[in-house]
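Shared between the two complexes below is chain A, which has chain B as its partner in the first and chain C in the second.
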Partner chain A sequence: MAKKKEISLEKSDASLTKEDIIVKEKLTSLGKQLIKEIEAGQSPYFETVVRGRSNVLHGEEGYLYLGDKKEKRVFLNVAQAKKFMQTVAVAAKCKKFKEENLHTSIRGLFYQLKFTLGEDLDEELFEEQSESNELVEDLEVALNLKREDLNLSTDRKGVVAGNLVIRDKFGGEETEIDCTKQGRSGWMIPSDVDNGMEFIDVDVDYVLVIEKDALWQRLNEDKFWKKENCLIITPKGQASRGCRRLIRKLADMKLPIYCFMDCDAWGWYIYWTIKTGSMNLAYLGRNIATPEAKFIGVTMSDIERYDFLKKLTINAKEVDLKRAEELLSYPWISRHQDWVKELKIVLDTKKKIEQDALQGPRLTFVGEYVREKVENKQFLY
Partner chain B sequence: MAKKKEISLEKSDASLTKEDIIVKEKLTSLGKQLIKEIEAGQSPYFETVVRGRSNVLHGEEGYLYLGDKKEKRVFLNVAQAKKFMQTVAVAAKCKKFKEENLHTSIRGLFYQLKFTLGEDLDEELFEEQSESNELVEDLEVALNLKREDLNLSTDRKGVVAGNLVIRDKFGGEETEIDCTKQGRSGWMIPSDVDNGMEFIDVDVDYVLVIEKDALWQRLNEDKFWKKENCLIITPKGQASRGCRRLIRKLADMKLPIYCFMDCDAWGWYIYWTIKTGSMNLAYLGRNIATPEAKFIGVTMSDIERYDFLKKLTINAKEVDLKRAEELLSYPWISRHQDWVKELKIVLDTKKKIEQDALQGPRLTFVGEYVREKVENKQFLY
Partner chain C sequence: MEQKDQISQTSVGEIPKVGSESIKTADLKSTKITAGVQEVHSQEIFSEFREHSVAEFFKKNRQMLGFSGKVRSLTTLVHEYVTNSLDACEEAKILPNIYVKIDNLPNGHIRLYVEDNGPGIPKQFIGRALGQMLAGTKFHRFVQQRGQQGIGATGGTMYAQITTGKPIHCRSSTGDNIIYECDVAVDLKTNSPKISNMVEYTGKYRGLTIIGEFGEVKYDKSEYSAFEYLKATALANPHAQITIVDPEGERTVFQRAHEEVPERPKPAQPHPLGVTTDDLINYAHHSKERKLSSFLTSNFARVSDSKVEELKKLCPSINFDKMPRELKWEEAEAIVRAFKQIKWIAPSADPLRPIGKEQIEKALKNVLQPEFVSVSERSPKVFRGGVPFLVEVGIAYKGKAGRQKSDGTVGLDVKRFANRAPLLFDAGGCATMEAVKTIDWGRYGLKDIENMPVTLFMNLVSVHVPYTSAGKQAISNEEEIVEEFRYAIMEVARDLDRYLSGKIRDEQREARKKAIMRYVKQISSDLPYLAGEKTSEELEKKLLHIIESKYSKMFDKGRLTADEEKQIKKEIEEDIEE
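And now, the complex of A and B:
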């Protein structure tokens, strides 16, 4: 413990980026607008978009987004005054985080609010985190920003390997990460893949998204990404915000996105969430959806091509059958005959197949399967 | 898709390591012993240790381990014949994986068994994975090996940053990973931190284990590991096998291990699992436990030192109170007066504190808190 160093309590000296300044200005002008209203003797208000299911739409572009229904928070309204004040408090904290150039989670935000407001106002406004979460969503929508842009970090999950080089500016330092040199581990997908991140080299033919980490590890060991010149990504189950955003960005680079999932309720759900986005994040629209994504399997129809799979099916559970029926009821799914066929086989046979089953004949078959599917363009849309 | 390459189906050319050869020999001699018994006209058998709670002990050394109760699987016994055959099948598959120099998960093993046995024996021995899981544990105990040594990968979770350089030999390649150069992401802790992994440089004063990833991200942004010359590890909640094994290995290098957790049921559980191991992995004993670990907080007694924490406590839930009572009943906890005091405060006040609360006054306070605790050696044991 001899070589003790001082922890600097001052804000990071790394100067704010252009993007940071835009965010700060958006927050500042929100505040200025409120002051103007107060000075003009009006009740200040704050407008946001309704985020309930009734306002979620699915359009021709293939992703979920919010409709036009708006909601107003008015200060001089007994029912809304508290929420209004909270929203302003959240915005003020986020502006402070931007100025400090520091990040925290919404749990950290919650405690900052609890600390400050508890002291200044002698009232515990933020008993439960669910309240601050909702207010953050309000701000995201009203300012047309993601919470990551407001220096709020989110749960992160998932890893990447392949020919991708990233420049990561974070905590006042800059590092270059080469995703071909991450060994058995892979590069951990961060909360924010936009601010302070630059993809300085992406030289691959396609992106393979693999539901399960175990299968990712299998393909990583086979150096599949090197042999096939692709990126392999696993969201490790349901994709995090960061992972979904990463996939969107890779698709924006015109890279094909192929999803390799279980043929069951979870696998389909994870795929469709990546492709169309999800109900509760519909307010982020295309920023977090990748309608270009294609499903390479596993499918029940694979049994026609790979006879051995027949004996490696397992019994579908109630949740799988219910989900299959639900998916058939969505117009953006039922118009694809391949999907209808797939889901009907599950409902008829009451069987499902896991991607792990491809290891039955030999461990390396997983890679052979993916390669064949990609070569023959055997996808579901 | 022009630059297509052939996927090699042959086994990896990377030669087996000395450790791999020892494992293969253990598996081979198990097989030879069985053959010898059969040739001698005896019923072959297989011995393992009882893994139920009745055989789990906690000794002076401070970790959970198995007692002496043994169990025999005899082939010529109607009730045991099936299980016996399965155990041999699992051992044979693991030997094959070692020879191929390839890894899979126990789900992959399950499907390999289902594929092979279904064909050769026309009988579905492995309907459910729970069966193959139990058999893998049998083998681990009988051969005195971890499943990771048998080329079986496990769920992985958790990240590391700090002055640690690793040489990772995997999939026939070798990479060097510098945990000071992983940016916002950190180095993802793999399933296996033993085989093919070498810690070529570890130059830190201590190891800080942080329950929540959000707090890890906070300290990583502050470059806490650089300023304090420590490693920061987050298990992201309950520690994976790989993470627990990594902590054990770092403690073997005489590095102090400090655990920074929530003051609640989960935080205590995660700490005690790292320290003493857990009931269901008691068969791995000291290999996966770190009795040297110390608890730096958050504690209820912190309120005496940091007044602001009083207003950032939250209500304890039923599970927290129940857990506190349970912990007080363990002799290896109740003999530490500091722990008794802590748990009693929770039971009396029905309050708890999360580590996130330390961000209340300012985001950088988290690091100040940890530094002060470490400097003043304010630990619970």
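And now, the complex of A and C:
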């Protein structure tokens, strides 16, 4: 097996950051713990927190997180043996990535681990990539870290423009990135905004998160971020882990986060994912949620204020109505009367409004709309 | 009931042509004298010999006696001779060696050769033993015995005469170095033996050999065949060694599994509740009592003078002072009916002699080489308000257990016995089958029992086996007997269930173990790297050891400890969880 000789390639820890060393230590101690268990004559096991819905909680803090329910991952259980072995293989592989200071995607990891278990065994360590995802999550939870910390990158999505300067240590080099100088394209949010990323300068009044790339481009062309001294971010639909993490970090700097979404199921969903986190990533808890985020629009109530919108509503689809009902059923949403009111209008009128509709009167109206909302603090929680 | 005769040892009459080839002592190894047990001399046994006259009746009713159908007729013949040999050996406390050879003759007849190492038959009794109906040493005693169904060796003699016109040839010696051979036939009119071609010579032999030529018989290997009969006999008589050589020359030896002659059942008087009209007539006609009333009190258990008074009231038209031998059929019928209306003290269970759990187990293992055997152990019960009986049920799984079906697959085989004698025919109406049919096999995980390689051994032990008909091939559906059989079957079915689930569990454990073992190499190489330690073979060994000990076979050890039960339960729960 290739991996054995690779031990000799182990880089000295000197090239690793402090964070890297901590992660490596966590992996090492997991290995030591498992070996200790074997030496004590018992089945090796480790504990992880239950990630199922039953253990997803929502508290006063306004984000989803996992409860205390733990479960054991045991090697000597026929149903778990393979996954256990795979998890150990993933951990070992991640440790190697750490030592080499190289990153890859889960897919890359999958190919690194897709080899046969032995000549006499008609079985591969991994056969499907889908197998590895859940194991990575196990490791994230068991070791209390994020996959990005394990040098596993996720797909990048999301773009930033505005007065933000970052130092990016990557591939052995350091680059300074000024988000005011990214032209029409903006700065692409990387998978990991924690490791090797340093926020040198963030000089803005607020952060505007715009659902659609088209609207972001509109505002970017208007130099909205310059005029308003804000950051404009588009997650381009559902926010990626990196994007959500970035928003969290910006909120940590006490910057107000305003979300500007469609007035429909998808828009609300994106908003609430940014705000509370998602069930699936509840194990990352507050690290990936921004309860401080506020929703500036588009809202059904906007119709009352902007007469032209009346004509620009479109029919809500079945999925929108369903989602509205679902959102109403979440206790962390139904306690906000404004939201209840909004959602009920949707259910009553069976209408929805897209961000793009704000370009109805004139293209620059989008900026005016946002400015007015922010100034008047007209937003929903 | 032991009616009909049953001769301990049968044999010969006039010598037909068989004599040209002198009989060789077949396969019997030197006769064993069972250690410590005094063998009983034949003279002693035959001192009780008596005679009757009903040959004509049997000739007319041969189908009732098992002589219907060619295959069945041959089986009946083998049955008669072998049963006699077994009974004689048992009585003389000899471990039986029985040799049966069947030959197809060019004229379409079959020659049957049966040789035993029993006590032999004294010369003066041979005629009556083989040539006179209802003559025997046992029928007038009330004893649980195998040979209740047939008409005995004389029936064979008669059958040979009817189908080939030839007598039976026999050879016997009581072990006194004098061997005689002769031919025996029956004078059907007078029910008396006709002996011819008697020769005597010196030689070492003890036992009886019968050679008969029979027509209207056929040998095959069907479930009703002589072969199956002998196989079944071996199952119920583990102390016997039985050899059969079929017409093809193929030789099968059912080895002795148990080196102990079974204890003779204690003779007892018949109990009124177990008596049939036929029995009553037979007993009455050979009674030496002067009056019917004294015949009843002296020949039947629990019949006192006051009970006779009750009988008189119930049968006012019968003269209880007449000679017993003048008892008419209708009168006998009336008395038997009256017997059923009177309250009796139950008969003693003492005469019951089961084969025994251990012996049945040995026999099943010996003959079927099964993977699993279980035998029930139940105490005596009574039926018909007082007839004692007990049932013995064994179950054998895999190996040679089960019955080869016509489509080539193997299915449930029910081997029925009454007092160790195999019942091959009329299974449909038998209490044993009734019990088998009414079991909820699904409860024992044996829903598909009909298609499983399982042999059920079922033996009814009683001094009165309630047969459904004179053919004596089926036990009537007495409620108590069926119930008792059901309980016994449930016992062994539960055991088989436990074995199978244990076995299946072990197989599952083995599969689990293997599934986990697959990953040991990989994890053993990844772990040291993860821990930043050197790879060590020790780690892999340790891990293998942990797995081995967790999934060690549990069932092989037999019953599980409470802890093991718990662990298995936990494992099953783990499986369910996933």
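Please note the rule applied: the second predicted complex is superposed on the first by the 358 of 381 C-alpha atoms of A that agree within 3 Å, B and C clash if a C-alpha of one lies under 4 Å from a C-alpha of the other, contacts with A are read in each partner's own complex, and residues count from 1 in each chain.
Quick note on the criterion: a contact is a pair of C-beta atoms (placed from the backbone, for glycine too) under 8 Å apart; a residue touches a chain by one contact, two chains touch by 3 or more.
Everything numeric in this text was worked out from a predicted model, so none of it was measured.
When the two structures are aligned on the shared chain, A:368 is found in touch with chain B, with no touch to chain C. Legend: residue contacts after superposition of the two complexes on their common chain; A:320 is shown touching neither chain B nor chain C.
Touch criterion met: A:84 reaches chain C, while chain B stays clear of it.
Contact with chain C, but none with chain B, is seen for A:95 once the two complexes are overlaid on the shared chain.
Using the contact criterion defined above for the overlaid structures, shared-chain residue A:356 touches chain B, although it does not reach chain C.
In the superposition on chain A, contact of A:27 is made with chain C only, not with chain B. Touched residues of chain A were counted for both chain B and chain C, and B has more of them. Once both structures are placed on chain A, chain A residues 1, 3-4, 7, 118 are touched by chain B and, in the other complex, by chain C.
Interface of chain B with chain A (complex): residues 1, 3-9, 97, 100, 102-105, 107-108, 110-112, 114-115, 118-119, 153, 155-156, 159, 166, 168, 170-173, 175, 177, 181-192, 196, 205, 213-214, 217-218, 220-224, 227-229, 308, 311-312, 354, 356-364, 367-368, 371, 374-375. On chain C, the positions that touch chain A within their shared complex are 511-512, 515-516, 518-519, 521-523, 525-533, 535, 539, 542-543, 545-547, 550, 574-575, 577-578. Interface of chain A with chain C (complex): residues 1, 3-4, 7, 27-28, 30-32, 34-35, 38-39, 41-44, 75-82, 84-85, 88-89, 91-92, 95-96, 117-118, 121, 123, 125.
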